[in-house]
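The next part holds the structures, each set out as structure tokens.
Below are two complexes that have chain A in common, paired first with chain B and then with chain C.
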Partner chain A sequence: MNLGVEQAKAWIDQMNELFQQQKQYLTELDQAIGDGDHGWNMARGFQEAVDKISSNRYEDLGTLLKDVAMTLIAKVGGASGPLYGTAFLKMSQVLAGKQEGNEQEWIAALGEALAGLKARGKAQVGEKTMIDVWEPVVMFLQEKGQLLAREAAQLAQQKMEETKTLEAKKGRAAYLGKRSIGHIDPGSASSCLLFIAFAKVVES
Partner chain B sequence: MKKLINDPLRVVDDMLEGFVAAHSRQVRRIPGTNVIVRKDAPVKGKVGIVSGGGSGHEPAHAGYVGKGMLDAAVCGEVFTSPTPDQILSAIQAVDGGNGVLLIIKNYTGDVMNFEMAAELAEAEGIRIAKVIVNDDVAVEDSTFTTGRRGIAGTVFVHKIAGALAERGASLEEVEAAAKKAIQRVRSMGVAISPCIVPAAGTPGFVLGENEMEVGIGIHGEPGIEKVSVQPAEHVADGLLARIVEDMKLDQGDQVAVMINGLGATPLMELYIVHKRVAERLAEKQIRIHETFVGEYMTSLEMAGCSISLLKLDDELIDLLRSPADTVAFKTC
Partner chain C sequence: MNHVSLVLVSHSEEIAEGLKKLLEQVAPNVGIAAAGGNNGEIGTNALHIQEAIESVYSEKGTVVLFDLGSALLNAELALEMAGGKERVRIADAPLVEGAYIAAVEAGLGKPLEEVVQACEAANQMVKIAK
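Right after this comes the complex of A and B.
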């Protein structure tokens, strides 16, 4: 199965829809262990990204994803702006010049996105950040060698839930130390929505 | 919420318009951005110095733009890091051909946004150096975590780096001086009442009528503990003890002292705090070279203060005293 420009656009649209629906929830998660801006940040950034790409025609995935990345970098702010911006920028580099990507190419793009996230935020698994969702999901896809998007989304959900048990070591929540235990990490929740949106597009 | 504003979502823009209207002799705003630069930027041949962060800490950082300190301040939304495109505009506007130093306070968002901007600028051929200020001793210092926050001590770093840059030093020299200042500056604060982010409308944390938060961050991040309100002497003793211990200050050392108001604390109270700080340092035979009492890095209308100490040597004394002409910091 190949995913092209139209599917990538649908993915961004789908993510935006989820972020608009869930912005209150994400913000509540961030109020518990951060500064309460995560839902607004994501909703604002993805609305801008959708506005940007819906008015343009794209010949290749690289240009499309780069526009998304640059919009997120400029409009999301906080920690998640540069993080999600970097993830989409890395994907755009892998998929540059391609009208559509096959399963391996998309898995490679997600792998580079994860590498970019880790380089930008210097976080490892277990530190209660979005890496706790991204790394197991990407590793799962790489192991399977197929774009098993629905299983990936289920795994994302499970990993998001598991961040509850972790103590934050990176990001704003780290100032709370042990007091961060018992809460879901907001960035893991938004990353989970990203993979849910991906699954919806792959399945349709 | 009771505030003198027009629209909670326009506070930063409205403030910056007022700021440049008031201080057009020293600064201007880059059109279409929230970047305040020196009137005469870029200064040819001089290392440019850019700092910034969320708004709500006035006079930081725009108040430190001018001769002898910053070339540009990038002003984010209230308590939110500015984005890389804004930081890049600042870098481009102040690059005088000899590179640009970024002075970043240690918050995850700030560090990542400034690093992205640095990469974009380097891709354009601008030489960049970055330093990260982490003076807040209330937070555990660890390379495995986010680490200490940057708070009021950052103003000393602006002053030291700015003074050396003004003398025509190289990017490497200015970076080294900034790092030296960072190694030698420590701060800690206390809040007795919280602040309200305009767009949020409600206090970011709560303190009982008789409570204070020791080790508060400048965005209302939790500190070490909530305790019942104490006399200024005890507060000063507590903050100072932690700072002095962390810095390993000894008899005979020389320091600069900053007693910084967090926004709603009258100067009277800041001087009352300083009285004790000065007495205590004298007892320890630590010599105060320079003292700064006032609002340098606020947290909207939070009440409370922070104490910062910078351990001096001859080079730092010289740089601290050299001329600066900015809205909020002047030496001549």
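Right after this comes the complex of A and C.
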């Protein structure tokens, strides 16, 4: 199974739909342990990304994903702009010049996105960040060697739930210390939506 | 430019611009760029920071100072996007005091590493004698 430019566009569209639907929820999560703008930021950023890519024709995945990355960097405030921007930038580098990517190439792209996120945010698993979703999901895909997107999305949901039990070590939530326990990390929740959107596209 | 230049990154446009005004009184001969806010709102933006770096880029070097949290992520991303600008350093210093010291040192014509060291020493500065 290969995923090409049209599927990548559909992925961004699906993500945007989910972020528009869930912006209130993500913002509430962020109000609990952050500065309360995550949902609005993601909804605005992905709407801009959809506007940008829907009016363009793309010859390759790299150019498409790079446009998404640059839009997120330009339009999304807080830490999520540079983080999601970096993730899509890394994917664009792996898929540069390709009209389609096969399962291995997409898994490699997600792996590079994870590496970029860890380098940019200097975060590790267990620190109550998006890495708590990204790392187990990418490792699962790498181990299976197949793009098992539905299982990956289920795992993402489980790992997002588990961030409730963690104490934040990064970002503004870290200032709350133990008071951050009991809340889902907003970045892990938006990352979960990214993988849910991916599964919808892969399955359709 | 003959002096190390400065880029001031803040979540608030007014903080960055106000600090720039303050420093221009101290060091009128130093190139200083403000990169505050995100498209007019509170936040920081890697593209704004990249433009600011390029607007004051000096062969002698450029020091980037930032205020809080995600300002660092965006400053690092801006640096990567600026590409090949090896003489740009992000300083680990309090924004106001660090930038003030950096402006003074840069104005004296000090080299990049000394300007960075001097403003990072502001982390240990005692403001009220006990």
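Here is the rule we use: the second predicted complex is superposed on the first by the 204 of 204 C-alpha atoms of A that agree within 3 Å, B and C clash if a C-alpha of one lies under 4 Å from a C-alpha of the other, contacts with A are read in each partner's own complex, and residues count from 1 in each chain.
What we mean here is this: a residue touches a chain if its C-beta (ideal position, glycine included) is under 8 Å from a C-beta of that chain, and two chains touch if they have at least 3 such contacts.
Please read these numbers as outputs of a predicted model, since none were measured by experiment.
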Query raised in the report: Sharing chain A, do chain B and chain C clash or fit in the superposition?
Result: clash
Query raised in the report: Is A:120 touching the first partner chain B, the second partner chain C, both, or neither of them?
Result: both
**Report entry** Residue contacts on chain A - larger count, chain B or chain C
**Finding:** B
Requested in this report: Applying the touch criterion given at the start, work out whether A:74 contacts chain B, chain C, both or neither, answering first, second, both or neither.
Outcome: both
Query raised in the report: In the superposed arrangement, which partner chain does A:172 touch: chain B (first), chain C (second), both, or neither?
Result: both
Requested in this report: With the two complexes superposed on chain A, say which partner A:86 touches: chain B (first), chain C (second), both, or neither.
Outcome: both
Report task. Could you name the one stretch of chain B listed in 22-30, 148-156, 202-210 or 220-228 that collides with chain C in the superposition? Result -> 148-156
Report summary line: chain A positions within both the chain B interface and the chain C interface are 73-75, 77-79, 81-83, 85-86, 120-121, 171-172
Query raised in the report: How about chain B: which of its residues touch chain A in the complex?
Result: 76-77, 79-85, 107-109, 112-113, 115-116, 139, 144-146, 149, 200, 204, 217, 219, 221-222
Requested in this report: Would you pull the chain A residues touching chain C in the complex into a rising list?
Outcome: 70, 73-75, 77-79, 81-83, 85-86, 120-121, 171-172
Query - Residues of chain A that touch chain B when the two form their complex - result: 35-37, 73-79, 81-83, 85-86, 120-121, 169-172, 174-176, 179
Query raised in the report: Any idea which chain C residues touch chain A in the complex?
Result: 38-39, 41-47, 69-70, 73-74, 76-77
